[in-house]
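Structures for review follow.
Shared chain: subunit A. Partners: subunit B in the first complex, subunit C in the second.
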Partner chain A sequence: MRRSKLSHFLFFMLPALILIGTFVVYPSLRTILLSFFDEDGHLTLKNYVKVLSSRDTINKEGIARGEFPLGTLLHNAIWIALHLPLTIIMGLILAVILRKTWGGNLLKTFVFFGMVMPMIVGGVMINFMFDANVGVVNAFLRLFGLQVKTWTAHPETALFSLILGSVWLWTGFSMTLYSAGLETIPKDFYEAAAIDGAGPFVQFFKITVPLLKPITVVVATMTLLWDLKIFDIVYVATQGGPGGASNVLAIQMYNYAFIEFDYGKAAVVAVLLTVFTMIAAIPLIRSVGEEK
Partner chain B sequence: MKKLAFVALLLVAVLSFSKLVVIGPWAGAEQEKFMPVLKAFEEKYGIEVEYKVYRGSDLLKTLPAQFKAKRAMADVIFMWGWFIQDQAKKGNVVDLTGLIDENDFIPGALDAVKVNGKIYGIVYTGKVKPGFWYRKSFFKKHGLQVPRTWYEFKALLEEIKKIPGLKAPIASGDGVGWPLSDVTEHFLITFGGPWVDRDLIEGNLKWESNTVRYAMGKLVELLKAGYFGEPTEWTMALKQWWNGEYALYFMGSWITGMVDDPEDLGVFALPGAKGVVFAADYAFIPKYSKHIEEAKKLIKFLATEGQVIQVKQGGHIATYKKVSLSDYPVVDREVAKILQGMEAMPDLDDTVGGVFQKTFWDQLKLLWVNPDRLDEVLEVLDEKMPK
Partner chain C sequence: MSKKLVVNIIGWIFGLVWLVPFMGVFMTAIRPMDELLNGWWDFSSFHPSFNNFYQAWNHPTAPLSRGIPNSLIVATSATVLPLVIATMAGYYLARYRFPLKKLVYIVVVITLALPLQMVAIPLYEMLLKMNLLDSYIGLILLHTAWGTPWITFFMRNFFTTLPPQIEEAARIDGASDFKIFFKIAFPLSLPAIGSAAALQFTWVWSSFFLELITIYTPERFLATQRIPLMRGVYHVDWGVLSAAAIMVMMVPILVYLLLQKYYIRGMIGWSMK
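On to the complex of A and B.
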């Protein structure tokens, strides 16, 4: 009986295991190994020293002056610090408001367009949105008599304009997940709370937010992963410029691999990205498991 | 029996040869101007040619991997000179020494594809980056004159700045960054001398040297005075300049094929310039081509007779000395004349290539909006030069 269970298990699992082993486990292990070897095949930490001491990764002078570029590591951190809360808050608010609004589903569809759109196109659109001549953002600012400029062309605004653009592109994702989550909360909870005298704000903070925590963890984890591996919109909109002011780790990895052809350094950035992702994602996922 | 075997062999050879594949960077209107060259070759030799468009930056990622696998995606490939040199050193390029006579080409034109005295590529036509383009009608309307000195140039910019409705006197083309690097090189050559360009390429001069700092200082002076517009996507900037939103635009000779009325175009170099950048196109035959002999015929044709056909289409300047001035359309003849008495310099960032090129473009974007950060820009450029 046990043997037949094992053979069934192997029969169904083996194809998946072979594929995961070949295309995920083996390349990951090779990348980790590659990061510890120099061009002559010697085991070394040189690649790590080169990457972590590089101006591209941490720009000490920029940090001291408070001027961009600050280095890819900090740029990614800023990206997470702004993009993650903004996406979660906006997605949740939109999901709650549009749930009972007339035409809410249609509006949700428009918000979700950002997610459906290829990120390459998204990058081009961000470029246009913040352009001094044709950009919608600058057209809005002009209404208030403010001076306009191409946001992506200036070091002090390039990264922030990309982050704002990515909030627009990604909010559809969190809004959709929260909308689905809202449907799972029993209406009785709200009715009981209303009888007890709880207003909409209290209901939101005492019922909606806590019960949506598993959704929030999924949204936060996925957004975090997206923020860490962000590449396409930056590459299309600014290529990490001007002067590296909007550069991010994934672009740095690409440059090492395909412009410098230094695969060791590229592997280091890949390993760092994996480690950061695990550090951030594992506690989040674990917190949901513990609650269950 | 022998005859039969020979015929059979010939038949196999003919059937097995499909067509030559050429990869080049020209698409759209530029491709249309290149196709008559390939057609002329097909008619002359009876060899069919297929043309495929790939950008240099895309080839940079795919060709090294292909060569490692001992494969070639085309028989003749147009690519940057530094890349051909690099691949020749790795043994991936067919030696073309003796196929063409170096004396038939403008001096130094083949230097970019030479390794240890051997020639590994051909030089095709090129594009000159002669200076600031203007509309004759615009200058006439506002009573503007072409400057003869640096001071006249600055006075002209000041005069233009006062014209109402203009964004700025000079349009700044953006994109990946090359339009800004073209202007910068022109300043380097004018105020540092043509040798500065070569010394920087060869690594004999530092970006932080006084010579470079002086030349860049002249550019920074204009940037700080607001004479250059904000970097704008270069084709959009072209339209804005043509529509009178800017007065001047620094661009290569290909601009003649991109405007509605080329007859209205005028161009001048920075006063005192003794050299202009001449960016030639280079082609090579990968060692893993299956039709090396046929490819040699094509590449020789491109370097010689092909250039005559190409310049007649407009927008290209020949490197082959046997192309006469009368072969050029009128507007290109003006550009070709600017070259006279000037030293033709290699394109700095195209020649150095690699990570430097990308950094150069990106740092100039920073300098354009933050001219006070020149020191930092020069420091980064020194850091990214090949050691």
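On to the complex of A and C.
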């Protein structure tokens, strides 16, 4: 490590710090302030009360009847509860199986395309897959004589179709990280286990899964952040509809700020969302804190 | 049945779940509307053409002939700028002692987790005051600022793996710190810069939220902004929409296919240190 002169600091570091300060740190602090003030500039918790008691956020009637919309807070929670385990499991299965499949690299490329494409296009792909007429999901169901519909257009299935679609889009991420992780596990481990009589399932759960644990932490953190920030897919596929049935926090914030122009309420939603992402990022922050 | 065959069959069943929708979009894009009435999988008549691509490119309300060049301009600028700024900052963090280093790391990580909604309103007002709303300069500045933290971190990690001996030797020969950076460290870091560039470019290309709140004039709309417009509300022309989707996703996919090595390395380095 070299000692830094002021000129070094100014030259190397200052442009980055100015940019981050102006366009990231300052506006974040402003939003926190905004959430605590009303239109007349008085300090208040009114905005928080309004948002948390709103049926957009938590819809008590919907919950009582078990019908969508349940409110953005619950929609995001459902999204995480389904999407997080599904992408982790799918990614791991694909990484393990496609490694031994003929043409597996080609298939991996297509799985990966799902996460490379812009999520705006991803939303269109979801619409396309779940459409009543052109969708493959319905074509598949028709084979079994099941009733078909445009899944994203009905309140009871809109959110679930988006979540399933987002598993399809995001599995490429976990699969790629797991594939890279599998390359680092020495073959001897499996050979030794095979000599001791361990079958493929025992090997998978006793060797592969524990050794990939650090990767699982990364995948889970990134996926959690992705789930919380979900916006583009919903915006293009359902606009949070029908009737708010697939609304999520990020969309709610956008609607409050740029459709209703209620900055106070919008700031509250943004702060809530940020609190959740910060909790999700704890492993990340901790890993950086440990560095010297 | 042999074990190998079972694995292959399971692998391909899973693989088809991803392969078939892509095939569907492609088939829908290259065929006329009347052939799609019974689904794109019906090949009783098959007349492929590029007509849908032509129509998406020259769409009356949301032509991609304007959107794709716009996105190229923004994505290229918003890749080059943060790379220069963040490579310098990353180098500084890796090579120099300075008191608030840990704080900088923490800000960087927090930025990785921060949702754009957290800054949307103040940024909107700020750009409005600076007269940079509805302009690419404003948008490029925002992307540069939001790309800088992770690239800084990424480059710092790269520079810490680079042995400092060469740089120390140059210093003994009398080279200044700035010269050492530009003549030695910067060229050596080109592979890492390639990784960061591939990721940053695709992210800016794919970005939608910042565009949605800052760009209003239809001619200035980026490629991603044109997709929801092309979708229509009541009637969806799947042929044109599929063609547009393919064109907009083709750019990041090409970046990925051409720079696969860098891309994957970047993604792994970015998420696993």
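Throughout what follows, the second predicted complex is superposed on the first by the 267 of 292 C-alpha atoms of A that agree within 3 Å, B and C clash if a C-alpha of one lies under 4 Å from a C-alpha of the other, contacts with A are read in each partner's own complex, and residues count from 1 in each chain.
Here, a contact is a pair of C-beta atoms (placed from the backbone, for glycine too) under 8 Å apart; a residue touches a chain by one contact, two chains touch by 3 or more.
Values in this document were obtained by computation on a predicted structure and should not be read as measured data.
Undergrad: Name the contact category of A:Leu86: first (subunit B only), second (subunit C only), both, or neither.
TA: So A:Leu86 meets neither subunit B nor subunit C here.
Undergrad: So in the superposed three-chain picture, is A:Phe112 touching just subunit B, just subunit C, both, or none of them (first/second/both/neither)?
TA: second
Undergrad: Between subunit B and subunit C, whom does A:Leu164 touch in the aligned arrangement: first, second, both, or neither?
TA: A:Leu164: touches no partner chain.
Undergrad: Looking at A:Ala139 after the superposition, I want to know if it touches subunit B, subunit C, both of them or none. Which is it: first, second, both, neither?
TA: After superposing on A, A:Ala139 lies in contact with subunit C but is clear of subunit B.
Undergrad: Could you let me know whether more residues of subunit A are touched by subunit B or by subunit C?
TA: More residues of subunit A are touched by C.
Undergrad: Kindly classify A:Thr101 by the partners it touches after superposition: subunit B alone (first), subunit C alone (second), both, or neither?
TA: A:Thr101 sits against subunit C, while subunit B stays out of touch.
Undergrad: Touch check for A:Thr274: first (subunit B), second (subunit C), both, or neither?
TA: So A:Thr274 only meets subunit C here.
Undergrad: Which partner chains sit in contact with A:Leu74 here, subunit B, subunit C, both or neither? Use first/second/both/neither.
TA: neither
Undergrad: Counting only touches as set out at the top, which of subunit B and subunit C does A:Phe258 meet: first, second, both, neither?
TA: It touches subunit B and subunit C both.
Undergrad: Is A:Val234 touching the first partner subunit B, the second partner subunit C, both, or neither of them?
TA: After superposition on chain A, A:Val234 lies in contact with neither partner.
Undergrad: Which positions of subunit A sit in both the subunit B and the subunit C interface?
TA: 131, 133, 258
Undergrad: Of all residues in subunit C, which touch subunit A in the complex?
TA: Result: residues 4, 7-8, 10-12, 14-15, 17-22, 24-25, 28, 36-37, 39-41, 85-86, 88-89, 91-93, 95-98, 102, 104-124, 126, 141-142, 144-146, 148-149, 152, 177-178, 181, 202, 205-209, 212-213, 224, 227-228, 231, 236, 238, 241-242, 245, 248-249, 252-253, 256-257, 264, 267-268, 271-273 of subunit C touch subunit A.
Undergrad: Using the touch rule from the top, collect the residues of subunit A that touch subunit B in their complex.
TA: Contact set of subunit A toward subunit B: 55, 61, 131-133, 149-150, 153-155, 239-245, 255, 258-261.
Undergrad: In the complex, go through subunit A and note every residue touching subunit C.
TA: For this pair, the touching residues of subunit A are 1-4, 8-9, 11-13, 15-17, 19-20, 22-28, 30-31, 34, 93-94, 97-98, 100-104, 107, 109-114, 116-121, 124-125, 127-129, 131, 133-134, 136, 139, 168, 173, 176-177, 180, 214-215, 218, 222, 225, 228-229, 231-232, 235-236, 249-250, 253-254, 257-258, 263, 266-267, 269-271, 273-274, 277-278, 280-281, 284-285, 287-289, 291.
Undergrad: Using the touch rule from the top, collect the residues of subunit B that touch subunit A in their complex.
TA: 60-61, 64, 174, 176-177, 230-232, 236, 240, 354-355, 358, 361-363, 365-370, 373, 376-377, 380, 383
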